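What follows is a group of structures, each given as structure tokens.
Below are two complexes that have subunit A in common, paired first with subunit B and then with subunit C.
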Partner chain A sequence: MFDSAILVPSVLNGITTGALYALVALGLTLIYGVLHIINFAHGALLMVALYMVYFLWKLAGLDPYWSLLIVPPAMFVIGYALQRLVITRASHGRDENILLVTLGLAILIENVALYLFSSDTQVVDTPYGFDVVEMFGAFVPYPKVVAFFGALATAAALWAFIRLTDLGRAIRAVAREKKGARLVGIEVGHVYAMSFGIGVGVLGIAACLLMPSYYVTPQVGHGFVLIAFTIVVLGGMGSFTGALIGGLVIGVVEAVGGLWLGESLGQIGIFAIFILILLFRPQGIMGHQA
Partner chain B sequence: MATRMNRRGFLGTTAATAGVLAAPGILRAQAETVKVGLVHPVTGALAYSGNQCREGALMAIEDINAAGGIKSLGGAMLEGLVADSQSKPEVGAAETAKAIEGGAAGIVAGYASSITLATSQEAAKTNTPHIVDVGVSDKIVGRDLPNVFRLGPGYGKIAAFAVDNLVAINEGAGSPAKSVMIIHEESAFGTGTAGLLAEKLPEKGFEVLDVIKHANPTRDFTNIALQVKAAQPDIIIPAQYYNEYVLFARTLRQQRIEMQGIYSVLGGAASSFKFVEEFPEAAAYIMDCNHWYNPLSEEALRRRAAAEEKGLYYTYEVYLAYNAVALLADAMEQAGSADKEAVIEALAASTWDGHAMPYGPTKFVDGQNEGGQPVNTQVLDGKIEVILPPDFASAEAVFPMPKG
Partner chain C sequence: MTKLLALLAIFAALFCAPLVIGSEFWLNTVLLALYAALLGQAWNILGGYGGQFSFGHALFFGVGAYSVAVLQVELGLSAWLGLVVGGALAAVVAVIVGFLTARYGLRGSYFALVTLAFAEVFRILSNSVSWTGAGEGILIPLDQRLAALQFPDTASAYWALWAITLACFLAVWRLERSRFGARLMAVRDNEDAAAAIGVDAMQVKLGAMALSGLFMGLAGVFYAQKFLYLDPAIAFGPEKSVEALLVPIVGGIGTLFGPLLGAFALHGVAEIARETMGDAPGLNMIVYGTILVCMVLFLPRGLAGLGKHVRRAFRA
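Then we have the complex of A and B:
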């Protein structure tokens, strides 16, 4: 089974698939890792973004990559509004309420999507959908190569944003000491909503890069949300580099595990690594000791 | 403020009041409605197929009611009690119980084999007639439950049919194919079908190079495609649900995998109008052994046109669920009663032939319609053609598939 003719393409595939996972996890690491909001609606919001990409293609003929100009900003607005108008108000500042509110939102969003769009599987047909890039004798689908570099760029941009901008500093301040941040004049509600908005906006980027090689149904988020939470914990809460590395590790483990243990059992590797990390490095690969 | 009523207003109000007062009389004059529980996975992983089933079942109810209802019951109208099994067997069982408590005289359920096993078991507790719309596991009708009937074939028959026809197609081309690889989803349908194929194909001289199982959903098929590429089978046999089939077929094409043919068993592109429409190149020459309507039947073509008018693809879920309801209605018609015992008796003796399927009149043995059989289809020039059995064929098989 470990013939290099299979292993090399499989690892390459794992890296590119992992980059897609990382893209989904990047937004979550900001929301969950930094703000400690357990956002169960993350998968449902990914589905919303995928439908946006699909309908922009279907109705306006817009290529998924051009949708990068529209979908991430639109998702940012949705995220900002959700946090400001729904999550904050309905949760009354209690963590367990936030959990239930986001779970409720996920159910609501999925069922509205089911009502509006039916459960049909929708795909976009792009001229490059079947194109491949040849690397080390392996065929890597072109959309996955783009997604890989997209994930790198997004992680770098998020890192720069959180490190180098005033808002980034404010987010870090709120994450570390909410009361202190408020005392020095940071508007905590706004920072929360901006972080949530950016996290959801990143899902918009993920959707644009995912759609050329995947499909959308109202249930599509389920397949990604558990993986995304795993990556965030694996990489270290709130670390963008960690989310990227975590995504790549999960992608490769899933790919090689699939070869070694069979496709059904392959995912065991992901959770075995997850448990080992929790046992021996609970702060995650790139996280800092509390 | 006082208002004055003129003559026209008075007459109008009086007429409306008289109409309302007369309505209960009209309602009393109508025959009773007969409730049918329609339990399908309309949310969850199987939502697409579940919704297709529900639409098909509702179309049948609409047609039966439009044609005067159950005539032997004084024109009783059918009423569908729709329920969602959420793609989970335990929810399917609970919804079946709820439908029966709500007065359902019969149950049509449950699309997936695993769910159907649960819904039929639940219906058996109250001896409620249960028509299986799709579920292909042979365990569904092999449990001595007198209330369970299946019009379509089970996977035992489908696998035997698939193997015989694969041999016939291969021999017809001078026997170029010697090896196969089976890729299947992990639930009862995929595992059962793959097991039967892996057992029967070597008896017919095919070498089964590997049998690969995958989860639902599987997010990426590259690994499986790479294993296929390394093993170089002459024929690939997938047994998967639609979403996974789409990704798998796309990945095979991306990985430039060459083979003599793709021969699906239950659930391939060659039985999906949607797939053929969206990916005509990836779907070209794919063969499938699956449920299919009789392409020579006027009634089948009328139903297909009606489904397409509603914006539905006329998939196997639609016509199998349609027929499940129509079979139940026919049994009530024959029994002249909606009484459970009487309907079960009528079903067991049924010789119904209004299904527009390539089955012939129904004949149930232990709940299984003996005439139920699949057909072989192939995507040729962007159309789904029936290639076997010869009596229903609309084109000849093209095998091996042309290269490039």
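Then we have the complex of A and C:
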């Protein structure tokens, strides 16, 4: 169908973008797996993190990669507070209420950003922004290569954290059996807020890795939120491995679909996958039959 | 019966609005509030009475709006035909989406996400094919005659909207008292129990989808004929879906008057915000977002629920 000279760079581009999508989706899937909440504000929170990276660069001259020390912890605090103060109080026993309150937060956050920063597109200038790395005979932008390996490292670290630490064990316990976890003395409210905080903190990492090769506007989250949902649904709600594989698949589908159908129609493939998976295999490729 | 009388009295008062309100600006504000009430009531049929929260109601709105526009601009057919086709197509699309989601048992958050994804698919499609005008949008040529279903002034547009909205509210009034409505609410409250006593949940859901889609589609037709311009973001964008669900949530979901209450309350607050803080971009949506969060947190049953509290307090 295509010459490999076009296809290879396109697939590589898809894989590197897909790794970042996967990173955004990892936070979402962690939150879903533990709290059984679909966080609609995920894209808006990513946008907040991107603006943090941008302003740290603009005002303090901080390189986006150095922002890794500041932005993820800050996002963690925001996530923890949001869960404790707002989201947990909204449920009134119905899942839809959580969805609505996170939708409300998304609208609020996005439009406050629009009010404060206007809809101008902002980018950061880095000395390495236009560097390329040669892979398989194709040139991949250096920031995308960093983002790819950074995303893999973050996923591995998150996996180790969930598997090996006490808090990770508590998170898994709560995810599986809330009442039982409470009975053995796990503070469920705290674990919920920690999970939400970590899920949002991962967005901070994603933002730092993304910013050198991307841009920020108040609406930037829109593009990511549905893609992240697709990945989470594709990979199986709550599955880390699934999110990682799903992210790469979606990245490649978008890149190759864009090549084949053109930029705007290429995105159709993502939503087609989303709808088909939801209809025919809502447990996802890595999930178990409910 | 008192409910019907109250409904008719309110709509009689609304009918007189263009005769009483002298200023074009205020008539337009009332028109937009009434229009929001229509969107809200259409969503309420499915979300409030059916318990299925759609996050993509713009889908049906856009299908209605694009139908009437494409029929006129591309095929040279009458807008009146577009009115029928727009409503019908929106209902058909709603039934298809309803069938797919009900067939595979998608409820709650999954239903919300799938409806959102469908709206996005249509947004991208309408952005890509040429006969919808793609990203540039579609312009309906000005022809302010009744035969072309266009409105020479705000008052006539208002009355056209008034008629559609009245039809929608009467349909919901009827729904509340009909067997179909009882079945729908039974499925909402407990689908398994409803099925156990012989309610065909699929049929009931599809009925609600069709009705909801029909009025959403008619709202789309009205929009296209009033503003004579459409683009993919206006027709299928998330703002429309949010407006449709916000209105009944503020007013009180699953109630006849909730959407009306919610629409006028929201537009009132938005108007006050504009007066006091100026016409900045995003301000409207900041207000809406804040209201949505606060309503879910503190008043999950909407303003109508608040009314019940007050009445009970007085009786006690």
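Assume the second predicted complex is superposed on the first by the 269 of 290 C-alpha atoms of A that agree within 3 Å, B and C clash if a C-alpha of one lies under 4 Å from a C-alpha of the other, contacts with A are read in each partner's own complex, and residues count from 1 in each chain.
In this text, a contact is a pair of C-beta atoms (placed from the backbone, for glycine too) under 8 Å apart; a residue touches a chain by one contact, two chains touch by 3 or more.
Here the structure is a predicted model, which means the values were calculated and not measured.
Contact with both subunit B and subunit C is seen for A:S118 once the two complexes are overlaid on the shared chain. Contact with subunit C, but none with subunit B, is seen for A:L103 once the two complexes are overlaid on the shared chain.
In the overlay built on the shared chain, the residue A:T17 is in contact with subunit B alone; subunit C does not reach it. Across the superposed pair, subunit B and subunit C both touch subunit A at residues 110-111, 114, 118-119, 218, 222, 262, 264, 267. Residue ranges of subunit B in contact with subunit A, taken from their complex: 42-45, 47-48, 50-51, 186, 212-215, 217-220, 222-224, 226-227, 229-230, 242-243, 246-247, 250, 253-256, 274, 278-279, 282.
Interface of subunit C with subunit A (complex): residues 53, 55, 100-101, 103-104, 106, 108-110, 112-114, 116-118, 120-121, 124-125, 127-128, 135, 238, 242, 245, 249, 280-286, 288-293, 296-297, 300. Remark: subunit A residues 38, 86, 89-90, 92, 94-97, 99-101, 103-115, 118-119, 218, 222, 226, 229-230, 233, 262, 264-265, 267-268, 271-272, 274-275, 278-280, 282 touch subunit C in the complex. Of all the residues in subunit A, the ones that touch subunit B in their complex are 3, 5-6, 9-10, 13, 17, 110-111, 114, 118-121, 123, 125, 129-130, 132, 139, 141, 213-215, 217-219, 222-224, 255, 258-259, 262-264, 266-267.
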